[in-house]
Amino acid sequence: MKIKTLASAIALTSATLIAFPSLAADTIKVGVLHSLSGTMAISETTLKDTVLMMVEEQNKKGGLLGKKLEAVVVDPASNWPLFAEKARELLTEEEVDVIFGCWTSVSRKSVLPVIEELNGLMFYPVQYEGEESSKNVFYTGAAPNQQAIPAVNYLKDELEVERWVLAGTDYVYPRTTNKILEAYLKDMGVAEEDIMINYTPFGHSDWQSIVSDIKKFGSAGKKTAVVSTINGDANVPFYKELGNQGISSEDIPVVAFSVGEEELSGLDTAPLVGHLAAWNYFQSVETDENEEFITQWQAFTGNPDRVTNDPMEATFIGFNMWANAVTEAGTTDVDAVEQAMIGQETPNLTGGTAVMNKNHHLSKPVLIGEIQDDGQFETVWETDGVVPGDAWSDFLPGSKDLIADWTDPLKCGNYNTETKMCSGQNY
Amino acid sequence: MNAIDQSLQSLRDTFRRDLVWPFLAPEHAAKVDVSNQMILYVEGLNLSFDGFKALNDLNLYVKDGELRCLIGANGAGKTTLMDVITGKSKPDSGSVFFGQTHNLLSKDEADIAQLGIGRKFQKPTVFEEQSVFDNLELSLKTDKRVIQTLFSRLSPSEIDRIDEVLKIIGLNDQRFMKAGALSHGQKQWLEIGMLLVSDPRLLLIDEPVAGMTAQETERTAELLTSLAGERTVIVVEHDMEFVRSIARTVTVLHQGSVLAEGTMDQIQNNKDVIEVYLGEEAVEA
Amino acid sequence: MKRILRLCLIGIFMALPTWLMAVETKNLLSELTQTKLSKMPAVLEQLEAQGDESLLPVFRAWLGGDLYYTRADSHLVVKTKVAGETVYMGVFSQEVDAELGSKQVRKIKVNNKLRGLLRGTIARLQLTSKQPELRESAVRELLADLDRDTFTTLEALYPQETHSSVQEMMQTALSLYTAKDPKQSQSARLAAIDYLSASLENDVRNGLVQLSQDGNAVIAAASNKALDRINQSVERYAFVDQLFFGLSLGSVLLLASIGLAITFGVMGVINMAHGEMIMLGAYTTYVVQLIMPNYIDYSIWVAIPAAFLVSGLMGVLIERLVICRLHGRPLETLLATFGISLILQQLVRTIFSPLNRQVSTPSWMSGSWEINPVLSLTLNRLYILAFALLVFIALVLILKKSSLGLNVRAVSQNRSMAKAMGVKTEWVDAMTFGLGSGIAGIAGVALSQLTNVGPNLGQAYIIDSFMVVVFGGVGNLLGALVAAFTLGIANKFLEPTTGAVLAAIFVLVFIILFIQKRPKGLFPQKGRAAE
Amino acid sequence: MSKLLHWFSAGRTSGKYTLPFVILLLGITLLASAANLLLPESSALHVSTYSITLLGKYLCYAMLALAVDIIWGYCGILSLGHGAFFALGGYAMGMYLMRQIGDRGVYGHPTLPDFMVFLDWQELPWFWLGMDQFWFAMIMAVLVPGLLAFVFGWLAFRSRVTGVYLSIMTQALTYALLLAFFRNEMGFGGNNGLTDFKEILGFDLQSDATRVSLFIITALLLALVLLVSQRILSSRLGKVTLAVRDAEARTRFIGYRTERYKVWLFVYSAVIAGVAGALYVPQVGIINPGEFSPINSIEIVIWVAVGGRGTLIGAIIGALLVNYAKTRFTAIMPDGWLFALGALFVLVTLFLPKGLIGLYGQLKSKRQTLSTQEASS
């Protein structure tokens, strides 16, 4: 009997141990590291499908460097340690050449040490708090200066807002964004008592008190606006409560940085008409590229009503840039591709071109849209040209002296211009 | 000055080499003071559940070494009384003393058990997943604190004691059997054995012969009568034949208080008892 | 023949306004189709100066974002729905142009700034409207920026006004202007301030705040006094507001937990899939709305029994397949039902996608009941509060009066005795579990009106539900009621001082400590049987 | 000391599989480690560092399962909040690793971790003091979970909160902690938690040697915990524990203060969970409030149930198997693995009430009866 237990135990362990080293690399492997289950699946499955679509398209064009692309999909299940584990699996077991993945900041932070250790390459397609620039990551989503600051400028200049509510979910992105905005607003002469900051937990569902507070705050006779960094599931009950308490977009407009077409599709938008969002992309923008992209996407998902959103465009840009960089470098070697990426240009879906900067962030246009009753956004304002993404905010005391530059001779993600030193990983 | 002297003295006492620190010294179960020949004093007990008076000004005195039977209809308060004595229920008012000094109401079940009061439940409860031997080992009269239990080992005399009890309860052959596999009667015996092995002063036994064959009942009667004298035994039983066979003194409970007390013959001729048990017609007839 | 004539007449009559309309207005309207958003306000101003009530439909459609123009000839049309179909009709003619589809028209853009201006314009045009409510809201709309012209208009209109609430609103507006006007005599201003001190209108308060810094010390002092008086009543209403928030949260907790109070409390089954029963109810609402898109207002009435059936049947299924085999092993049922909850979540994800689904709120449930300008209770929460109490009462009646209730109580108190008496305990178990799950499904219908309908819906409520049941005392419906409202109100009164997160933590810690004091909850089952 | 050794060696026969299991565990550990460090990567028998890290993680989970089994399988206390003790141990280790980063953080601040610089904090909160010392952090890793378990257990067991009530209270405990640790004001890095660790005791956390060492240490500690627990449970204290599980009132009536036994066992279990957490963090490289989520704690219970509660080895095997299955399933069928996992839990509770170990026992006894039948015929 004992032998049997022994045997089964050995079978179990050896099954784990025996890795299947991929043989001759006749394909280029593209890792997809997006949660397909758990709380983040709601947002991330879309991006997984986007990458699969892009891979399919690229293969139709004959692949890259004469090889076909092969997507490797894993499910980190919205579990942050699992992100690190799966990243390691992708890089060491599957030996992928590039990873498209992550949504939340914590998942990116979890993956980062692994990617840096194993010198992988990752494209991160979501708007985020900034304060980071890794050699191995390209950030194709918006940094705070590409979303929050233009939005505040719009509210201030166009809607003459004087009183500000900064409402967010309690995690890093809202905290940082609100810190930046607070400093920015104070620089512009907004008084302390005209700023209200509020944090709520993830998935907060009972917004009665907070919305009523906002209502009170907004009844002081000055034009008031809410800058919302409320994340994910908490948005639906928030907007529902706004509608029910009779706060219309003319009274107190809400500008959101995490609400896109996808989130609106789960929502009855009639009471929300006129509230705002700031993104680099809206599905409603009428360009030929966008029309083609939307048709492609709806055909790929087999759903003629399927919407597109900003992180999808970021994935689209990231993928195209990577494909160009690989072609240019003639190899998928990470160091070569990384250098080839810088200065890469590719058309935006909203017109114009996106440029990859030395700090691994993109230069993109910023759009502000109003929610329509069909769940789409109507662009009401856009920046004149493109705005370069800023890895380190100028409005935070800790990072205003830091810059990121991955070209020679600096080659540093956090170079301190005061002390002339590069702290962190290149210490 | 005086204060300093005093504290110095107590410090010196603390470090006297001939004495063990008080908090390290084993807690000897305090002697039970039975100088008045009484081991249990129950006075003025009241307890009600949701308006139902389970105990109603109940008074009961039990002599040291006595074998006392408690009888009464369902709901008369027999089991509730046992619950109060063993610390399971707290009464609304009244007092329960074990000997002259131990106020049982201020103690919890474990304390009361360690004082030497053992209890057998109406429904036999033994540790079904463990062997008969282990059941008895757990019940031994030893230091029952956590650390001491962790490092304890069976001494030869303890093994002898268990063997002795195993013989008394007739489970010697089943000693390594799981207690759960025993028959109902055997479980009753095992539970009595668990009481015996803990060497108690007072045994509270709730319906010991329920579900036993006539032969087993007879043996139980023998056992209980042999225990009395050295120990005090209180038996609750419905089986009148059994009560008659063992009882010297019988107490009848009715609606939470004592209705009558005396020998079996006295009780059988007591008017109140007949009235309660047989109804008023019987008295008139 | 006559009929044709009449039709012609109507047609002419309908076309008349357009025909009569000043050329200038026509030009302005056509300008709308070409102007950029930023230039629109100027056009609007000119339009208002030119126009009269006949332009109201244009403004209303514009405000609602339903104003379009045809690509072909740039004439204005309005988008509406007729029997669920989107159609376009002429602004003035009110005739459906069946030719037009979404490809042939373009929207006239509108943004927040324009909407604000439009509201003012509409208000001014509506001052003479026939409906008193419209007149009242028009005056209220004007409170924010009163000027000489409006003042004179209102003054002229005031004597003709017959409706008392409109009169009051006008009086408030006139007083506000008078109080602010330094040209008026001091006594007139003081009288106006005195009148204002009884008003709770937001704009009045802001006006008084400005006045309290007035150069005239007497006016400033009077304004301060009036403000104090207003603030006192505002605070009183704020308390009522908070109480309502607490009750509303309590009603949500009650709905979510009452099904559990049955399955956990009466049967002793820890159903970790309880949250998923709620989720199924919410998805049922979604499906019902999908089936009857044109009758959203009635969809809830269909959804409630449907959700009860769907979740209830699922509950019976789970009971028959899994739970009945685990009888008397409460902790094992916990594990098995957790497995079931995983399966149900993934099932929903596979069928409906992981995205949240859109559940519309019926029109009668949206908006709020405005008691006064500082106190308004949101209708959906009011209905849900009433609904929760209704469900509670119904459930109590079922358990107390029906034969099922009698059987349930018999089985929960003494299973073997009930069986011996001929009660079909298996059937009772299945029905009880079905009832508890069905109630959870109904809770899902209510929650779909408040929060996301997605695969994680149930997870958000399961812990709170357990807390309510444990706090109230297992096996006690009244306990669940008291516990739900206590926790809801406590949470809402803590929230302003501590923030939402800390309030939740405090409530949890309080429950943990409370259970130490009273291990059987608020309303424990007493007596010997309780052991 | 010698007394302790004596006590240790006096273990009874009830854990006859324990020693072979420990030997097997350590044997595999050493083989895998050697195969990782000594064999070249091209070799077919080479074990990748990925696998080593994965195994290390599984062993941490196994230790956690062991901790739950001790109180659930042996003492009948179903804790749905053991993830909290695991996470607290993990946070203690995480804080130490965070302090070890020193000025190598992205902002280059000499003492403050990155997330504090970024939230504009000026100095370390008091509870971060001393965490730069390994020994102190390790004391905290066992002390904090132990203390929490003591306070919670003392309150709960003294007032005789039992059964499902207790389970739900433990769930409330871990949920409250989850909410608290999500708050950025708490000073534990909020939702992002603690990550980007560089080295432990001066060894580079990214080197293979360190990873293998951590793996070996985990295996050794698991073996030690297993042996000690086996010994404790086969002593008379173990019998009292079983007695409490099966008939707590009876145990009290024969003179045992059952609440004290429960408290100490709960504390012991929490400490093991804390140690498991402390070992887990350097191997996976991140600790965040997600570990406090009640779902995680329920999963632990399920590992134990699958393996077979009431047997220590069963708990370990359950944890290894379920986690291995999870890793496989998420790779093979990312969309469907929750179905498989859910079905596994339902089937195991329905058909294998004693877990896989129980199944083994059943098969064994069936074969024995068969063979005796054959012999008799």
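First chain written, first letter: the chains are A, B, C and D, and each begins at residue 1.
To be clear about the criterion, contacts are C-beta pairs under 8 Å (C-beta built on N, C-alpha and C of every residue); 3 or more make two chains touch, one makes a residue touch a chain.
Model, not experiment: these values are computed from the prediction.
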item: Most distant chain from subunit B, judged by the mean position of its C-alpha atoms; value: A
item: Pair exhibiting more inter-chain C-beta contacts, B-D or A-C; value: A-C
item: Whole-Å gap between the CA centroids of subunit B and subunit D; value: 43
item: Rounded Å distance, subunit A centre to subunit C centre (Cα mean); value: 32
item: Whole-Å gap separating subunit B and subunit C, where each centre is the average of the chain's CA atoms; value: 65
item: Separation of subunit A from subunit D, taking each centre as the mean of its C-alpha atoms, in whole Å; value: 35
item: Multi-partner residues of subunit A (at least 2 other chains); value: 37, 170, 199, 201
item: Residues of subunit C whose C-beta touches two or more other chains; value: 346, 349, 501, 504
item: Residues of subunit B whose C-beta touches two or more other chains; value: none
item: Complex contact set, residues of subunit C against subunit A; value: 37, 65, 107, 109, 111-113, 115-116, 119, 202-203, 205-206, 209-210, 241-242, 245, 248-249, 252, 346, 349, 353-361, 366-368, 370, 376, 378-381, 449-456, 460, 491-492, 495-496, 499-501, 504
item: Partner subunit D, residues of subunit C touching it in the complex; value: 264, 268, 270, 272, 322, 325-326, 329-336, 338-343, 345-347, 349-350, 459, 463, 466-467, 470, 474, 501-502, 504-505, 508-509, 511-513, 515-517, 519
item: Interface residues, subunit D side, partner subunit B - complex; value: 3, 7, 10, 232, 235-237, 239-240, 242-243, 245-247, 249-258, 260-261, 264
item: Subunit D - residues contacting subunit A, complex; value: 17, 20-21, 24, 28, 32, 35, 46-51, 53-55, 57, 103-109, 115, 117-120, 179, 182-184, 190-193, 195-197, 206, 284-286, 288, 290, 317, 320-321, 324, 327, 330-331, 334-335, 337-338, 360, 364
item: Complex contacts: residues of subunit D adjacent to subunit C; value: 78, 152, 155-156, 158-165, 167-169, 171-173, 175-176, 179-180, 182-183, 294-295, 298, 301-302, 305, 335-336, 338-339, 341-346, 348-350, 353
